[in-house]
Structure formats: structure tokens, C-alpha cells
Amino acid sequence: QDIGVSMALFDDNFLTVLRNGLDAKGKELGVGLQIEDAQNDVAKQLDQINNFIASGVSAIIVNPVDTSATQAMSDAAAAANIPLVYVNREPVNVDTMPDNQAFVASNELDSGTLQTKEVCRLFKDAGKTEANIYVIMGELSNQAAVMRTKDIHDVIAGPDCGVKVNILDEQTSNWSRDLAQNLMTNWLSTGAAFDGVIANNDESAIGAIQAMKASGVDMATVVVAGIDATQDALAAMQAGDLDVTVFQDAAGQGAGALDAAIKLSKGEAVEQKVYIPFQLVTPANIGDFLAKN
Amino acid sequence: MSQTTHGLGGLKYDPTKKARAPEWNVFFALVGIIIVFELIGRLFMGDSFLFNTRDNVDTLFNQARLQIIILQVSIVGIIAIGVTQVIITGGIDLSSGSIVGATAMIAMSFAQVAMVNGNPNPKAIFGDLGWMDLPVIVPVLVGLSCGVVAGLINGSLVAYTKIPPFIATLGMMVTARGIAKWWSKGNPISFPTDSYALIGKGMTPVFLFVVLAVLFHCIMTYTKYGKHCYAIGSNEAATRMSGINVDRHKVLVYVIASGLAAFAAIVLSSKNLTAQAGMGVMYELDAIAMAVIGGVSLQGGRGSILGTVLGALIFGVIISGFTFLKLDAYYQEMVKGVIIVGAVVLDQWRQQSRSRGK
Amino acid sequence: MSQTTHGLGGLKYDPTKKARAPEWNVFFALVGIIIVFELIGRLFMGDSFLFNTRDNVDTLFNQARLQIIILQVSIVGIIAIGVTQVIITGGIDLSSGSIVGATAMIAMSFAQVAMVNGNPNPKAIFGDLGWMDLPVIVPVLVGLSCGVVAGLINGSLVAYTKIPPFIATLGMMVTARGIAKWWSKGNPISFPTDSYALIGKGMTPVFLFVVLAVLFHCIMTYTKYGKHCYAIGSNEAATRMSGINVDRHKVLVYVIASGLAAFAAIVLSSKNLTAQAGMGVMYELDAIAMAVIGGVSLQGGRGSILGTVLGALIFGVIISGFTFLKLDAYYQEMVKGVIIVGAVVLDQWRQQSRSRGK
Amino acid sequence: MSDIILETRGLTKRYGGVHALEDANFVLRKGEHIAVVGDNGAGKSTFVRQITAVEQKSGGQVFFDGREVNFSGPLEARESGIETVFQTLALADDLDVPSNLFLGRELFKFRLGPFSVLDRKTMRERTLEALKTTAVKIPNVDNPIRNMSGGQRQCVSIARTAAFASKLVIMDEPTAALGVQETAQVENIIRGLKERGVPLILVSHNLRQVFDLVDRIVVFRRGRIVASLNKDETDGNDIVSYITGVKGIGAEASHA
Amino acid sequence: MSDIILETRGLTKRYGGVHALEDANFVLRKGEHIAVVGDNGAGKSTFVRQITAVEQKSGGQVFFDGREVNFSGPLEARESGIETVFQTLALADDLDVPSNLFLGRELFKFRLGPFSVLDRKTMRERTLEALKTTAVKIPNVDNPIRNMSGGQRQCVSIARTAAFASKLVIMDEPTAALGVQETAQVENIIRGLKERGVPLILVSHNLRQVFDLVDRIVVFRRGRIVASLNKDETDGNDIVSYITGVKGIGAEASHA
């Protein structure tokens, strides 16, 4: 029994953990997994699915590059009558999927919201009524980056925040630590005062932290938030540099997706939608997450 | 006097010993790679790469595999047809991948349906303007115009400001990617009309690729346009002195190349039923590699569309072969790099041994 | 007889009218771009780009900005020094970005500490072997060796199999990226030793960039190595006929280029305190663009390290200028593309007007 | 005035500090054949490049066919009727012989703008005819020009110019690479031009040839025109003394 | 045997179906000067390219300095002592004159492998001296070769060969682009080689020059050596009849 897996991206911290979860579960159950790297290319991903179909796999797991591109994938798999499971990102056609397709994912709306609300809370606790922040976005062509940035705007514009937060500037680091470092240094060179940095991912947050430390900024006075809860981020949090991050159970999602795929290939019924929630990570509960990602 | 059909006397000339067309080498490389996959499959996996081994189907070949081999390269292949022409004139086009991204976004936004599953289209870009459910000709023309405009800019920069094509198209690459992201602020655009969805459905991309390849093969071989492409790539100054309007010709070449990239974007977005700003990343390098593997010289002046098509097929076979062999994804990239280099080394080596006199 | 210092008589020659070095044009472009940013800043934002406007500091210039301008390009700049040499010999190197990725991963895995915040290092690659807390020389040498090996492969392919450098280094680009991903199966590698972290700390990258630039500028100008680079790029066949071992020279050039890329990877991973497989993506294009903006001809034979350094500074100024102007991220890419093209057009235009006789 | 086909007044070209051509005043009448001679590096090819607008002149005026011209490039010069064999032959190395001969003047089977279909057969036949007038031997005209010998290339270039000659022909050292027979043939082509009344500027180092073929000889020295002599009023030694500077404007300075 | 410096036996070269050189048997003795003449495209340059290993021969043997050689490239040929002026001049267009003259033989201030520091001043001075022997005029030797006239380029190439002449010198149409004075100077250089006892192969279309300079004349026709005549036993007309095929091996076939 062979199962084909198409991952959106290999060299992504979070997706690697998910992939490792899949792999471990596969070894445990003794199923052969063939994992392909779509390198963030929707078209390549669709081709990979067609290649799996040509090889006659018994089920396909897809970590979609683009959740709005899933219709064509569902169609291809349905035509060949091969079960399909989406993992980590919710497909657009979730309501019209055929019976032998399912998804296991988190709701991307939650991550940015959790993160920004916690930042608001920290500002409030520090007794501020108004705060200036910088926002570091991920790659602009990526949906997660767009969603998370939108969440930030929604929360600070909404009633839940309680503090008046001004965004001084909003730029992209393409998810990368290095560009985030340069970006932060450029911001520091303008001399404007700020109270926090919200980044779309942990790598960018760490880059900002490194730049601030190099310029002698007191890390206790700024709030820095990321998303992913990577090991580097947790270490930064332990060191008191990073204040907020968000954890999502990558390994759990991977294992869950494989379970569903195997059941579908045997013709068993599964629950079509499985949501796995995001969890907020702060210095208070960091201990629960150290061994997870 | 039988020699006069070939020339004007002088040395002894034996027309039967004419050099083999370089495309043959590429063809042999393609066949060689297929045989290697087939052999590995038979020997180590008890499965066949090309032939059908499943009981529920009764065709000789594994049809699904033959189809995907061509299908997965036909879109980059369409781009490569245009890139080949640019390279033959001695230029290079790094912008095609980004033009795919930008065109896909723009064209798709004119191809959206009003209602999805009974709800208003959540991603409608021009929903406020009511520009939905437009006839398919609108997004196609809009898309092609994007390509033509990009090509005009590329071509004019190269022809009239005399900056290196590498830089002109690099600038376009960065700019077009920026436009793609800006168009819908990074959001993907989905839910096209049924008629738009037909353009890239099933094996249609393959059909379009083949038609375009044949068309441009004839153009490059039999028309003034083609002859002048080779002349410019061979010696631009001489071509200019021969009274050819090299600048205007170059603009035309870049317009055709970008037009084909835009067309590929339309097919691609239709095939995927979505457009996103990251589409087409690195396609320019794949397209160039296909052309060069197919024997097109980056010096300009030499190569053919046929060669590029063979180069594209080599790519297709490699990708499918890797999945067939269940090669670990980590190794796929490493091996792909080696095969690209290997195919060109082989070609080079055969050409050299030929020029040694036999 | 005063002419004999320049030549052998014949035409009248006026040494005072000697053509201006092309680097001046690049320098003027750089100054022009700075002035534009300064003007826009003064007129529309009430702030200065270059000068200090803060009360708590009493320097004339905005020192932080001057520093970041150079700092953010010094790593790609180091790569561009090597790429410049490759381009001058008439080649091209597309692999440098991927070599950065692979080298960073490999070097970093030999530079890890045993304990992080009191816990065992969760990411230790060679934890089982106890290869942690190694002296800094180990990862540096390992990293440089990676570069040398990659360069040997690139160079040998180009020199001995005669395949186009575009393909040889494209193959290396794909392969090295595969190696980078495979090395730690996609996981990032972090937590280096303190001594390793010193290599890229603060302004050290700038210092290293400047030292390497001066060193290689002298080498290209005053030594046999440099002279032969220009000769090969100018006319490879002639250089070969002149009795120069062109093949061996090319290998050396590619080794130096990849070695510099590997060195840049070490500095980069030390600066970031982490290594990831995706590091260095697109650096090759930035490096090439810096060189070409700096007046290095992709035809080979012309250009200088000084030009490339100026090209790098143009990049740095653009990036900082955008942040200074708070330009919307969506527009940045579009404008960046336009500026790259603009800088080269300007340079081209000045050269042409000069060759018209004045 | 009306019998002057080409005139230059004060034509000047500088490369950086090198004064390659200074104040050249030159007149060519209809039907006249003029030779341009001079040392290596005297500025002869530079003079040709300014007239044909391969480069932009630094100063002076060019009159062609009765009006002042400022060609923007060789394309325009050619369209006005100036055909040139350049010293660095203007051939496309990767194309075969017929394609080179007809480059920019292809014959078509049917026309469709840039996508007009070439009539390769006719072009090939006409090529063989045109080349026969130069006596050159080429075993296979389908080979690319890259593979031709120095003399074969030169003959292709000359055949092209001769075939399309119109108002003015310029040849920069056309027979330098040619063998005995081919040189004789090319000289015949030039005589043919004379009969057809096509004016010619011939740059050559071969004084025997110059005296055989042309009406007037213009001597360049150090970027200046130092003499313009009718063939009948001079001889080889006289010309050589102008070339070497024993006679003429620069005579004193040449010993500096 | 020992006074033969170069010998070829059955040397053959084919390009695809083109038989450019067939069964060439050629002998050059120490100190001897030989001219190679023949029509355009007769295979003279092809012959030179096989001896100097610019291309790999299709068949036959080459003996140099007493032993059979199979040079892998021009580098090896040069290291064995064969200096050549190629018809397509082997110059690096973007480098200035001294750099071209000393290319591959640079002088150093101090040595450090590939990073040895060049002694630019001395090279420049020696360049001016070497060029003086060719009588060429170059206003500024710091300009790149790209900007030199045809004759100037040729002179740089010749000066280089003359300066480093060792066991055998080959010149492929060295004076084709040269002016009157320069040609005379180059002929003097060749006479100098004769005095120094350096053997020479001179490819030339100029029969006057050939008879002035060499001891023996080898005629190529249609890729074959059709005659090898001592200067004193022949004359211009005789040579021309061999070149055109009136005399010699191919005499009958030439009328086919």
C-alpha cells in the first residue's frame, strides 16, 4: 500500500515538523510514503498529483500551496477514483468535496488573531493606552502572510484590543530572518520610537530581535510576537527576547491526515472536516511546548 | 558537374557525409533516459515505466503516464517556444516566469463567475463593478495584452536603449512579480467561468503546445522572421549593416516571447482554476534550460524549436521518472541537476567527436 | 617626441582628452539616486535621508543608516566579487545562491553548542557523535571546502566538457539546493558557538567585504590572474592560442567564485545565528545585477571590482531608501525593477554619448 | 554641382584623444572611380565608417546626391543607395551563403509582413550565379559562413555588393585576402561598375591595382587628406612619397 | 633525417563531407623558408591549423623536430616552439597592445603563481621597441586592440611572433592588410629570420613577395599539394598554371 504526499514546501520549519509527523506515523503503520516537494508552485503540485495517479497510489495527501487551487486537484483525484486528504490548510471547495476526500487543518484566521490579542493584552498590562508597532509580513504572494496580516489589522481596529495601536510601517521580509534583520535595522535608523513588533512568523521576529539587540535596544521595553513556536523561537522566549508566539500541532495534523487517508483507501468512512486548534505560547506556558515542534 | 547543386567546385565534396542535425543528439538523449528508467523499473521494482502493468486497463502503454509526461511540461513548453526565439537572436528572457504570475492574476480577475455554489463569489475582484461572468474572450484578450505590453517594454529597452537583455528582463521580472502581488494584494483569485475553465482542461494544454510548436517551427525555418532571428544572433552588427531593421525585429521577438508567456499563463490559470502571485516562479529558468538542452546556443544564432520541444520532453520524462522510481524528494533535485548537466554534456561531446572528422 | 610615451606616432593624439573610466558613470548614478531620496525626504516627509535629524545624537550623518546601507549588501557583495570575475571571463554563475544555502547548512552543523539556556541543544545535528562546541576553525574550513568542491565541479564542467556556464551552474544551483534540503531533512540548524557567532557580528561583514573588495581589485588589476581573466573574456580562442592554459584558469576562477560564496554563507549564517536550506535564494541574480549595474559586461572582457562595489552600494541605497520613504511593500518590487533598469540605461546612455566624440 | 555624387566638408572624427580623421574635404563625381590609399592607421576605414554612418561623425558635413545627409545608421545609408564592402566583413557567421548574400533583400514565395515565406530555391540559384562572377570556389554553399576561408568570405561580401550596386559603391581593401585568379575577377567586376557608370571608392594598399583601375587617387596621412591626384599626372613613387610624408602637408613634421 | 624540422605524411582533414586537405606530404628542412600558395579555399589555412593543432586532424602523421607529435592543442604546439601568425588574428580585443604582445609570456615584478604581479612598465617599453621593427604607427598603445585598424592589428600579431620566434615560424597571409611601408618592414623581419636560421612557412597570395623571400614554393590546389618547386627552377607563370590547374595532378579534372 502506497500513499503519495505532496508538500507545499520542504524547507519550511513548520511544514517540516508536519512532514516528520507523517513520516513517523507511516513507519509505525508500515505504509510506504512517497513525499514530494511542490516548491510552492501550484502547478507543480497538480502535476505531482497526476504523477501519483499514473503510478497508481492508493491514496493522496496534499498540503496545498494555495487553498484556492484545490478544485482542480479534487477533480483529478475524483476522476481517477483515488482518495484525497488535504492537510494543514483548508481547501476552498471544502463543502463540495466528494465522499472519499477529507481535510485535517487549522483555521488560519486564528493564528494572527491570537497573536495580536496577546500583544494588546501585554500593552494594556504595561499600562499603555497607545502603542506604536512595526509589522513584518511574510511573502506577499503567500496566503498565510496575507491572512495573518489581515488578522492584525482586524484585531487592532476591533473592540477587543483595548489599546490604541498605530502601525508605523508594514513591510515584507519574505519569511526570512536575514531580510527581517535588515528591515529592522533600517527602521531603527529612522529613530522613531516604538513599542512592539508583530511578525508573520518566528524567523522574522527573531531577525528583528537580533537587529534590536545589535543596536542596543532594551528587549524588556518592546513586545515582539511571532507565529510557529519553532525551537529557535522558544529559545528566544526563554531568553526573554520573544514575548508571544503561536503553536499549531504540526505532527498531530500529519498523523491525523495519514490516518484518514488509510481509512479512505480501505473504503471506510471518516469525518470529512477535522479542525486542529492553534494554541498561544507565552513564557507562562512555554514548558508545555518545548518538546513538541 | 553534379557538384554544382551543392556549390562551386573547388574541394572534393561528398554530400552523403553531411553532418547529422544536432537535434538527433537530443533525441538520442531522450530515448536513453527513457530506457534507463524502464530498465531500473523492470530490474529493481518489477514495474514498467512506459507500459501498462495494471489489470483493470487493457492498453499497451501506461496511458496516464504518457499523458502526464507531456502535460506537465506543455505550459513551460509554450513559454520555451518564445524563449527559444529570444535566445536565437542572442538575447535572454528572465521575465517569462513573472509575466506568467502577473498575467494569470489579471486575466483571471476578468474571468470570475458571479455565483459559487449559490453564494456570491467571495473572491470577486471586480464584483463592485459587476464585471463577472464575462465572455471568455475578455480575459483572454486582456491577458494577451498584458503579455504584449510587457514584451514591448522588454523589446524596446533591449533594442533602443541597448542595455543587456539580461538586465532589461531582470528588471521586468522584479517589476512584474511586484505587479502580480499588488494586483489583489497577495490574495489568490479563483472561481473562473466554465468557458474559461475549458482552455486548460484535460489534455488541451498539450494540444495547444503542439500546435504552437509546429507553427513556430515553420515560422523559424521558412520565413523572413526566422531568418532574421538567426542573422541577428549570428552577427548583429553585420545584420544591421545589411539593411535590416534590427531594432524593430527585436521588439517583435520580445513581444512574441512575452505574448506566449501570457498565453501560457491563461492556460495555466485555467488548468489550475486559480491564479496566485507566486505562479510561474522559476519557469524562466526551466524554459531556458529546455531550450539549451535542446541544442539552442546561448551565444545566439543556433538552435531550433524542434530541439526545444525535445528538451521539454526530457524534462517531462525526468519528473515522471522520479515519481515512478519513488525517489526520495531530497534526491530528486540533486539528480535533476545532474541530469540537466549530463544531457548537455552528452550533446556537446557528440558534437565534438563529430567535428573531429567522422 | 612627447608622443612616444603613449604610442608610435601616426595620428595626432591628445592624452588630456582620454576617455573617462566607466566607473564614474556608475558613481554618478549612485550619487543621483541618493540625491533623489534626499530631495523626496526633505520635500515630502520633512526628514533627511543621509543626515542626522535626531536630537539625542550629535553626528552630522545618520550613522545608523549609513551602516545599514552597506551592511545589508555586504554579504551579497562578497558573492558579487566572485561573480564579477566569472563574468569578466565571459561566464556566468547561477549557483552562488544555492551554494550559500548548502554551505550555511553544512558549516553551521559543525558550529553548534552543546547547551542552550541550560538545556541540551534541541537541534544538534551531530549530537550523537558529540561534535559540538568545536573550535571555530572547523566549521569555517568545512564551509570553505564545500565552496571549493562546488567550484571545482563548476569549473571543470565549464572548462573540460565545454558546456555553457549557464547550464553547468544551473545544474549546480539545482543540485546544491537539493543538498541543502537533504542535509538536515528540511530542518533549520541553529544555536552556534559564541566564537562562530563573532564572524558576522555587528559591522564585521562590512569589514570583510571591504577587505575582499580591495584585495580582489588589486588582483584583477595588477596580476597575471586578472590579466588572463580579461583576455579569456575578450577572446577565448586567441587566449588559448597565445599559450595560456585557459581551462586551468577557468577552474581557478570558478573555485574562487564558489569559495567567496561559501565564505559569504559562513558570514551570513553567523550573522543570523541560524542556517536554513532556503537561504541565499535569488542571491545569484542580485549578485549578477550588482556587477552589471557596475559596468561589468556580460559579453566578458570588461568591468571591474570597483564597479561591482558601486553597483552593490546602489542596491543598498535603494533598499534603505524604500524603507525611509515608507514605500508600500507592494510597490517596492515594481520600483526596484525600474531602478535597476534605469541605472543601466543611464550608464549605457552616457557611454554612447561619449563614443559620439565628446 | 549636379555632377557631384558625394562630397564631404571638414569631416572630422575623434576617438577620445585620438584624432583619427581631421578636416577631410573630398569630392566624388558621377561615374568617377577614386582610390583611397595611405599607411596603416591613416584613417581610411574611419573615413568610410563616417560616410556610411557606421559611426557618428564628430564634425563636418556630408553631401550625397545633391543634398546634405545625416544618416542615423548604416541602414539609412544603404537605403539611400550606398553599398559597402567593409574591411571587417559584415557577414552572419551562422547563416549559409545564399542567406548572407540576400540578407535584408530576401526573395519570397508569398508576402505576409515579417512572416513572408522565403523562396530558398531561387535565392540559391542566383547566389551560384553571382558567385561565379568572382571565380571563387566553394564546395558547398549550404555550409555556414563560419566555415569559409578568408578569401571565400571576402568574395561573398563582394558578390553581394556587386549584385545590388546602385548609386555608390565603397570597397575597403576588397582583394586583400584574395588569390591571383579571384583578384583578377574582382578587378573585372570593378571595371564592370565603371562601364555601368556606378561611382566607386576603393580603399587599397595595392598600388598596381590602384593605377590599373581608378581615375583619381586620394592619399591619407595621419588622419588628413594630403593629396588628390589624377592617375595620369602621377606615378607610384610620387604616391609613396605622399604616403610616407616626404611630400605633402605633413612633410616637415614627419621627421619630428 | 636530422636536418628535417617538420614533416607531414598523408595529413588529411575532412569537415563533414568537405575534403579540405587530402594526403598532404610536406617536408621543411632546418633554416629553410617555404611559401605555401594556392587559390582561395585550397586548404592552406586548414593545413596550418592541423600542424598547430588548432583542430584535430582526420588522418596522417606530423613529425616535428625529429619525433612524431600529436599536439592536443595550440598551447602544446607553441610550447614545442612553433610560433604562428594566424589568418584570423589571435588577439584579445579588450586588452591593450602590450598585454596582447605579452599574452601568455608576461614579465613580472615578483612571482606568486597565478597571482604574480605584472611589470607593466617594462612590458610597455619592450612593446614599443618590438613594434618599431614593423614600422607601424599607433598613436596610443594603451587603447584596446578593438580600436586598432586592420593593419595595426596585423602588425601586433607579427611583432609578437617575431619577438618570440624559436624553432619554427608560420605566417598565414601576414602582409595582406599592410601598407607599402609596413609590408617592406615585415619582409625585412622575414629576412632577419632567415639570417638567424629560423625556418618559416609563409602563406601568401603575393607572388612577387614569395619569389623575393623564400627558397621553395609549395602549391595547394583543391585540398592537395600539387607541386613543390625550388624558387630558382620556376617562375610566376609556372606557379599560376599550377594554381589554376593547367599543370599538375588535377590538370584534366579541372575542366570537368
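Remarks
All chains are identified by letter, namely A, B, C, D and E, in their written order; residue positions are counted from 1 within each chain.
By definition in this document, a contact is a pair of C-beta atoms (placed from the backbone, for glycine too) under 8 Å apart; a residue touches a chain by one contact, two chains touch by 3 or more.
By chain, UniProt protein names: B, C = ABC transporter permease; D, E = ATP-binding cassette domain-containing protein.
Computed from a predicted structure; not experimentally measured.
The chain with its Cα centroid farthest from the Cα centroid of subunit D is A.
Note on subunit D versus subunit E: their Cα superposition corresponds to a rotation of 180 degrees, in steps of 5. Annotation: 71 Å between the Cα-based centres of subunit A and subunit D. Per-chain CA centroids place subunit A at a distance of 33 Å from subunit B (ABC transporter permease).
Centroids built from CA atoms put subunit E at 28 Å from subunit D. Counting partner chains per residue, subunit D shows two or more touched chains at residues 15-18, 39, 41-42, 136-140, 222.
Residue positions of subunit B (ABC transporter permease) touching 2 or more other chains: 10-13, 15, 177, 181, 185-186, 330, 332-333. Residues of subunit A found to touch two or more other chains are 10, 37, 140.
Chain pairs that touch, as defined above: A-B, A-C, B-C, B-D, B-E, C-D, C-E, D-E.
For subunit C (ABC transporter permease) in complex with subunit B (ABC transporter permease), the residues that touch the partner chain are 94, 157, 161-164, 166-168, 170-179, 181-182, 185, 285, 288-289, 292-293, 297-298, 330-338, 340-341, 344-345, 348-349, 352. By the touch criterion given at the top, residues 1, 10-19, 355-358 of subunit B (ABC transporter permease) touch subunit E in their complex.
On the subunit B (ABC transporter permease) side of its complex with subunit D, the touching residues are 3-4, 6-13, 15, 219, 222-225, 227-228, 230-231, 233-235, 237-245, 249, 252, 301-302.
Contact residues on subunit B (ABC transporter permease) toward subunit A in their complex (touch as defined above): 54, 62, 64-65, 67-68, 71-72, 75, 101, 117, 123, 177, 180-181, 185-190, 268, 271-274, 276-279, 281-282, 319-320, 323-324, 326, 328-330, 332-333.
Every residue of subunit E that touches subunit B (ABC transporter permease) in the complex is listed here, in rising order: 13-20, 22, 39, 41-43, 56-59, 222-223, 256.
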